[in-house]
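Letters A, B, C, D and E mark the chains in the order given here, with residues in each chain numbered from 1 onward.
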Amino acid sequence: MDIATIIGILLGFFVIISAIVAGGGGKMFLHLPSLAITIGGMLCATLIHFSLSQFLGIFSVVKKTIVTKIPPPSELIQKMVNYAAINRRDGALALEQEIRKLDDLFFIKGLQMLVDGQEVDAIREIMTLEVENLQTRHSTGKKILEFMGAAAPAFGMIGTLIGLVLMLKSLDSPDKIGEGMAVALLTTFYGALSANLIFIPLAGKLGLYSKAETTAMEMIVEGVCAIARGENPTAVREKMQAFVSQSRREEIKANI
Amino acid sequence: MDIATIIGILLGFFVIISAIVAGGGGKMFLHLPSLAITIGGMLCATLIHFSLSQFLGIFSVVKKTIVTKIPPPSELIQKMVNYAAINRRDGALALEQEIRKLDDLFFIKGLQMLVDGQEVDAIREIMTLEVENLQTRHSTGKKILEFMGAAAPAFGMIGTLIGLVLMLKSLDSPDKIGEGMAVALLTTFYGALSANLIFIPLAGKLGLYSKAETTAMEMIVEGVCAIARGENPTAVREKMQAFVSQSRREEIKANI
Amino acid sequence: MDIATIIGILLGFFVIISAIVAGGGGKMFLHLPSLAITIGGMLCATLIHFSLSQFLGIFSVVKKTIVTKIPPPSELIQKMVNYAAINRRDGALALEQEIRKLDDLFFIKGLQMLVDGQEVDAIREIMTLEVENLQTRHSTGKKILEFMGAAAPAFGMIGTLIGLVLMLKSLDSPDKIGEGMAVALLTTFYGALSANLIFIPLAGKLGLYSKAETTAMEMIVEGVCAIARGENPTAVREKMQAFVSQSRREEIKANI
Amino acid sequence: MDIATIIGILLGFFVIISAIVAGGGGKMFLHLPSLAITIGGMLCATLIHFSLSQFLGIFSVVKKTIVTKIPPPSELIQKMVNYAAINRRDGALALEQEIRKLDDLFFIKGLQMLVDGQEVDAIREIMTLEVENLQTRHSTGKKILEFMGAAAPAFGMIGTLIGLVLMLKSLDSPDKIGEGMAVALLTTFYGALSANLIFIPLAGKLGLYSKAETTAMEMIVEGVCAIARGENPTAVREKMQAFVSQSRREEIKANI
Amino acid sequence: MDIATIIGILLGFFVIISAIVAGGGGKMFLHLPSLAITIGGMLCATLIHFSLSQFLGIFSVVKKTIVTKIPPPSELIQKMVNYAAINRRDGALALEQEIRKLDDLFFIKGLQMLVDGQEVDAIREIMTLEVENLQTRHSTGKKILEFMGAAAPAFGMIGTLIGLVLMLKSLDSPDKIGEGMAVALLTTFYGALSANLIFIPLAGKLGLYSKAETTAMEMIVEGVCAIARGENPTAVREKMQAFVSQSRREEIKANI
């Protein structure tokens, strides 16, 4: 679970809302029609730009980014070395019991194929395809979030223009100018806040997370295939450690 | 037919128009001279940037993007495998009847050349040229839409400057200030709305669609050529499936 | 002659001027000092950025882009095949009469070198250098137009700042505020209009034109050299047609 | 120690504060809630974008950039040549005494491994990993500073929008308009000032510094390995001087 | 001497100042505190971004760009051919007298090494290092000018924010609003003017100049080395002319 993301979002909204309340504002900052223009318009533009399935997928991608804990490489290596030892000593079937202790679906799937006695090449092909699918989902998710971060301020401005035109119409009742203007500015406020506190930073975090998860998955692929070829625990450890030198930094950073 | 595009555009305009009507505006947001400056100016700039034929082609490119249904790879593979079987069993002429059941013009053209007994190389050359033509049309269409998305807000601002200067001239009749200002802002509103709800997202969708359609066409080229060489259904299936691993994701997303 | 460019510029100015006149403005939109700041400042910045000869060359480059008609490849191929036939039948000297019927200076120069009996390598070297010179001129011209498109709005804003400061000085005579403000906004209007209706789209058109003219010139180089080597008409046609598959689309679009 | 950075920041704030005081402002420019929105919001967005460890690391990276003095190449070469001579004359153990005179931790670590008699390959691997770690820290630091430089003005604008809405609410008490507006503008001021005087230029300086320190470290790696292989002082000097031709300029600039 | 740069800067300031004076402004546009914020802030940010030596070097780089006359290739070739003839006829020492007639320090240095009888490889290495140093200085200079062109408008905006806050404080004395606002806008004016009339175009000119001077220096290196190898005048001419085909255009443009 990525604590930094959750802290950042909660603290960010706390800072903004505190400032509003301290300044004497409150309910006036929650204006549903303004929210509808900014967020609704942004969502519609995203629907036009991307396809329906890409659009619907973004929510699960973001949720997984925040919730999923990527195991540290050292933990992965330790487990894989154990499995290699069990495989050499008691055969692949003995790994069946180990699978029950895991909760990483990708790891489970790989080991299950191993236990089922599938060919190394088949295991590698199926698992690699899954890694590629993940990378595509992440990279599409990053593009969608970046597009949302650009579209939200744009629709905020469109909303403000609508509000200004409506206000200028009733310029003869000067006591309403202030209120009309305040409401008009709310859409720009919603657009700027959602883009800068949510969409743009989340797109960045998704990029970091994608690198870390991809490396972990590639380590699992390499380890499971080495075990499937019946390699000894030392060889398995070496194969997996080759990833660490290039991934350790990423892992340390993403595994908070 | 790409439902996401249509939903996005209709829903987007519904959200914006609802907000306007709810705010008490309505007819005042439809100002034909302002529309002429923004859309007219943008179209003129597009004419200067691109050539007349590129400019006229953009409408059919966009229409095709929204209307055309790209068949899923599995359907294409199934059909092609059937044709390969017919070709091996009854000869190429027996495919004539199958052509009548198709409605994809590119597929029909390829099969017709096959039935007419043309050389494999000639079939491949002619069909590949058509794929390249499509890619050029799509990439030019994307550039035009992106240019329109940049030009529309620019001409919106030019219109607002004209409106402001006209309004400032009659500053002595203060009751007209509000109305003049409101009208002046409409061009910026039109420019921002058309760019962010239509041109920019459509350019993105065109890029996605182009990838999906190109892959489908390349699969047809590969399949027709394989049949023309008299390959058996299994070989045809394998040749076409090579595209799926790299295209499945694109296809799933674009085929809504 | 590129009709789209001329239609676009004329129609664009017609739309803008119509909107101004319809709005009750007219002479007030023509303010020479404002024009001097925007266009003068932009030209000075261009002079500093580029060299004197590059700066002076831009006008002829733009004029040529709009005025020059690029012959369609089919016409070029037809002529070249005729010349190859004449050359084989009557010798190179017989081409002298054909030169008089041409009005493309580059074509004339190539044929003249052929008639003068120069070596193929010398002809190719001299003609290729001319193609490269053209590409450099076009690419420099595109950069200058793009710089102008960025500098014009900047100097428009500078002019508006000058106008605002001048107006704010005389804030005590409120009847002049409107007029001062209107004049101040004119420079921004000039900058935005010239950039978006002239410089930016012209830079784009120059890029398209450059590709089309370069291809036509390369076809002439290839054709003249083939004739100089005494190749037969069929071989000349084939050499030149190799360009068409890759250039046809460009040509069709640029040759309006 | 990089004097330019310190002079630039101190002088920059002196210029800005002088201008404020000279204009009759003072305490009114220090508004803690505004500071909280701008800097707090920016820090929260940075937390969401990056991971907790990357975020916390930025402070030490910046501190090291300003405080650390990179030794000039000539000094490094002189020391290494001396050590090579000592190593050849008295053996590696005699270098133990030299280590005490150094204060560069990376240099000390390398020499210590040499004295401890480790293999050349092991020394190179460990030291190179440290150089790579530094480059990653610097490049991440640069990205974080650049993101802060983009987020600070964005949250400044968000703060100004909040201030404007709050002010427009109390438009009926016109004596408060000026004050409310002034406070609203402070967040934009904080955002623009911190981005342009701190974050953006510091990101640039970090890039320069990273190049200079990396080169110095690579020279130490090369020198220590050459000594470990028992090469003579002249060979060591030549190996290290190969870096100077490409690094001299960087070094001269970064070593103020 | 680059006349276009000087004409552009002088004429640009003449146009702007004329417009100010014609509009009735004058001394009010010269406000030293505003100048201090904009230019001072920009210089401080540049100091933080770059190192002290890079910062101080920018002035001489710009001065050299404007003042130095790059000799046309034809002149360089003519001289070098003469020197080659003298060298073959009377020996290298006879070139001593020719050196006194030169005023290009780089050319003098090269010939002097030739007269001093240094090895060809040593001459080439030393001269090439100098060419590389020049390119680094120019490219750093271009980056500094571009940074200045981005920082000046930013500090102009910061100054305007300070001015607005100061003005809004004294909103109760409405006769001072206009003046305060006018002064506040001056910093934005200074920032926009210095960036668009000086820093951004000068960065472009420096790039053009760098290409032209580098080519001239490379021709000198090639020529001096050819003479040092005792090649005959014709061979020297050919070696140098190889540069002309690719440099002629650059030279013609930069040598105004």
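In this section, contacts are C-beta pairs under 8 Å (C-beta built on N, C-alpha and C of every residue); 3 or more make two chains touch, one makes a residue touch a chain.
Every value quoted in this text rests on a predicted model; they were computed, and no experiment measured them.
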Neighbouring chains shared between chain B and chain E, ordered by label: C
Labels of chains that are neighbours to chain D and to chain E: none
Rotation in the CA alignment of chain A with chain C, degrees, nearest 5: 145
Rounded Å distance between chain A and chain E, as computed from the means of their C-alpha atoms: 48
Inter-chain centre distance, chain B versus chain C - centres from mean C-alpha coordinates, in Å: 29
Multi-chain contact residues (two or more partners), chain A: none
Successive chains along the ring, chain C then chain E then the rest: C, E, D, A, B
Residues on chain E engaged by chain C in the complex (per definition of touch): 2-5, 7-9, 11-12, 15-16, 18-20, 22-25, 28-29, 175, 177-179, 181-182, 185-186, 188-189, 192-193, 195-198, 200-202, 204-205, 208, 245, 249, 252-256
Interfacial residue positions of chain B with respect to chain C in the complex: 33, 36-37, 40-41, 44-55, 129, 133, 136, 140, 147, 151, 154-155, 157-159, 161-166, 168-172
